[in-house]
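These are the structures, in structure tokens.
Common to both upcoming complexes is chain A, partnered first by chain B, then by chain C.
Here is the complex of A and B:
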């Protein structure tokens, strides 16, 4: 008995450290060291040139009195609160649609076509959207003109900018979540649905009692991935509006972090913004773990 | 009734797909036309030319951006796959003091948003004098996501494989190279595609650390020229196409394997 157990136990093998060494260095240098630095510098008034002097919680205090920063937090939450539910719902519906047609050519085409935006750079696609909007002869301009909307006014209009940015982001991101949903939908055995059909269940009932419950943990995961992604989104705002129009109408956390650090050289202040972002994200991760009841999913 | 709902949903999905394709179709058609000031879309195939592509490739800075982007992404993916699979192998098959704790410390990095570390990293890179070099663009590409995905694939390899290998006197290094890596090929491809597109398309970090054409990547270069007043749309679209094509081609050739390994052990158990 003892012998068998000994055989089963893995023996201590110090060569394991060698295997993890390169990754360990990457983690230390590119993740933990920056956080330490950022933690330290955020208590100073460092501006990338002079020597930093200690200001205590000064940066954090002025952060929460800074109207622009508060606005950027509010805007970030507006984007997260609209984009994430929309893209998740849309991604789910399309995934169900494709999954029912997974062997037909139409299903295959839609699946692959919708994944295309996830392969492209958000920044580049935004450049094209900008041209489509600003160019009076573009197909999009003609289409919007039908509804009496002047497309070249959208990027400068405080009322239209949000619906425009939100729908563009949803169009760019939905495909990715659709493909993720599909991967998990394909795992539901067909026999579940066959049994339901024999019992006389309608399509809506199957959706309600089979698909939706089985997709619960996938949905939480996808919501979480979406929230993380939207929180850290930078490219779209940078290309489309730069935080404008006007006084920071679409300023987000990432955009204000970029502007304070690299445009106004208030590096200590920028790092304080970064730390607020980290705290927010860590908090959300804990929430998500709670929701999933410690069930680990394999995607992250 | 069923037919009607079917028709309605199909129409809606197709409209959505068309909207998603709109920027790409526009990009493609514009890039094939000599469109200087009047950019009326023409579907007349006989007028299409590759002259825009010839022109952008004759620009030295464009060639440099393209070369930089390719170099960074290819080397970055190889670097990612190498160190992530090594770490994943050690976490599954080797037992060393503190291994679980180290795994947790690594895992926690998934909660850290990379953009939040951008400012301190920029200071570090400046201190080390690595600004405008390829090092800061390539070295930070790997992330824990790679280790997590690859680890799961290694866990799923049947134990018997390793037992028979060790009976035959295979060294760990040989087991890793000759058994593990070939078996987990699908997940390596998935991780490769993920990290290739990610590094190819990243804008924020390259924007900060590369200021000269010698290291500028394609998205950074394009973002810089699009702000100009007199933009030649045909040329811009041809350049945008060239930015889109590499990840697209990688996906076209590899899509059978993509996501093949991701759900393996997810909801099934």
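Here is the complex of A and C:
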């Protein structure tokens, strides 16, 4: 009797795996398999139309001698390095502001107004931006003129295009991150702030010692969502500049990948670019996991 | 247990669906004829270029053919921006059309891949006699891989504002020297507020890809007596003609200052609409088509145009599109697909297309449905070879993209014309342009 009981205790129930199997299959077939296939094609001269032949590390060697590719890596890092901190900081500040006024009509309006751009189609938004920038009579042109900026010069200027693209991306994404922050801010018990007020803490001190530490894990998550999103940014640059003006001024890794794979029919080369991108994103995801493991704060 | 069974069933259903989806034979589906009782389906891919009227026009043209051949012709209209990407991804997955539509730049890749058929074996002596678009200059690598539905279209013309020219005592420009002189005289502050409000040339350099080479490059290099590639496909832009062309364009912006200040932010068409159409520019280089003429007339612009602008040595050239309908090698019923091409480019279907789309004729002695005022000058320029398509070359999209971006650098003053042309030539000839070994 005792033996039977022991056997039953040791028996593992594998039924759980069955329940995740459908999703696992989807992930394997539509995510991991293409990655593996693209890995294979990146060692060939595949052009999407003919039979590929093996070229070894040829594509990767060429990549690191390709000035345009190196430029696109640099540009991608510049975009990530500027857009991500800005949209995170702005998202956080707006969320705190809205959270403090969440029951007022102004707070509700700001929350919705900020969130709507993140729902809009990037393609349409970019087309509208192009029209607004190039029209001397547009409200945007008049607004920028206050700061001495001629809006109709922006798209053609190698110097002004970066700040313009960064501003657009930040404005579009801030609302989304604001909503993420708001969800977590709502979880902070009011009693923390009430106690701080009794202790005589100022607004800045409450932000420094209560809100910011409790938002640490959310911030890390938002930072990495932002990093991954910006690494893969494509449509805005494609529509607004096509990687220009001039040689690779705003070319990013995703733009390069698209250009080589679809416009020049150099799919093998494009997939090599894609794999470099995957390695970078995997590395960052790994970093994210490491940082998230240290998410606990002194308050919890 | 019940849950396990449900889970297993779900997995099995999903796998089966995926396998069915992946393995479905498009050709088999085509044989069903789209469920309208027809025996066969013919898939045709075209660019969306008829101002949203594509489907209506093409359905009307195809109706008699469908009835006669008991076939269902389905159309897919693709935007220019994603045109080639759509073709390459579809053909690589064997889901391309039976009849396609290609512009010159596209042909080499698809010819080398064996994706399009040489029409030599289908075309008859009568076809060569009747069509005006099968001659040498319309061939790709010496062969006819398609039939153009219209004669040369979107031909680049030099438009000039006759009121502005009159006000500065000038006549229609005949050559580059005239253009430069007129442009300098026309660029001025007309209302006395201290700001330039009338420009010499309405030209835009802000296009995000190489499309605007159509208006801002090909015709000029023909007028200089040069070309981008030689007969072997080698890039020759660093030769005298290429540098001369680049210098002319560079001077317009950086020496004579006759372009609008936002020239680098606007596409060429945007610049034309913003400055030439409202009468704020003396000269513009755009395609001479019905919508352009209508736009100018509706805005009350007094204008003239010419296809015969000459470069410094008297050469002329106007770039034109001669896009062609092609028979895809993957078409199951090639004879039927070719029949369709002949129908829509021929007297009945082609004639109908010309009438509905107001396009230029592609056959001898065909009724003219194009812009009435264009007929005489267009016919003369086509007959004399002034209007001509660009030359096909391998790796051309890559070179054109690079050329366009270098021209932007040059116009922005970051490169000299000589540096730009040398850089493009070096890049282009560093790429493999030999025909693949069979």
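Methods note: the second predicted complex is superposed on the first by the 269 of 300 C-alpha atoms of A that agree within 3 Å, B and C clash if a C-alpha of one lies under 4 Å from a C-alpha of the other, contacts with A are read in each partner's own complex, and residues count from 1 in each chain.
Rule of thumb we're sticking to: a contact is a pair of C-beta atoms (placed from the backbone, for glycine too) under 8 Å apart; a residue touches a chain by one contact, two chains touch by 3 or more.
None of these values were measured; they are calculated from a predicted model.
Contact with neither chain B nor chain C is seen for A:58 once the two complexes are overlaid on the shared chain. Once chain A of one complex is fitted onto chain A of the other, the partner contacts of A:19 extend to both chain B and chain C. Once chain A of one complex is fitted onto chain A of the other, the partner contacts of A:114 are limited to chain B, with no touch recorded for chain C. Legend: residue contacts after superposition of the two complexes on their common chain; A:128 is shown touching chain B, with no touch to chain C.
More chain A residues lie in contact with B than with the other chain of the pair chain B and chain C. Of the two partner chains placed around the shared chain by superposition, chain C is the only one that A:248 touches, whereas chain B remains out of contact. On chain A, the surface patch touched by chain B in one complex and by chain C in the other comprises residues 15, 19, 22, 26, 29, 48, 238-239, 258, 262, 267. Note for the complex: chain B touches chain A at residues 2, 9-10, 13-14, 16-17, 19-24, 26-27, 38-41, 82-84, 86-87, 89-91, 93-97, 99, 102, 105-106, 109-124, 139-140, 142, 144-145, 147-149, 152, 172, 197, 200-201, 203-204, 208, 219, 222-223, 226, 231, 233, 236-237, 240, 243-244, 247-248, 251, 255, 259, 262-268. Across the interface of their complex, chain B is touched by residues 10-17, 19-20, 22-24, 26-27, 29-35, 37-38, 41, 48, 90, 94, 97-98, 106, 110, 112-125, 127-132, 135, 137-140, 171-172, 174-175, 179-180, 183-184, 186-187, 203, 214, 217-218, 228, 231-232, 234-235, 238-239, 254, 257-258, 261-262, 267, 270-271, 274-275, 277-278, 281-282, 285, 297-300 of chain A.
Taken together, the chain C residues at the contact with chain A in this complex read 3-4, 7-8, 10-11, 14-15, 18, 84-85, 88-89, 91-92, 109-110, 112-115, 205-209, 261-266, 270, 274, 395, 397-398, 401-402, 405-406, 408-409, 412, 414, 436. Looking at the complex, you find that chain A touches chain C at residues 15, 18-19, 21-22, 25-26, 29, 47-50, 133-134, 150, 152-158, 238-248, 258-259, 262-265, 267.
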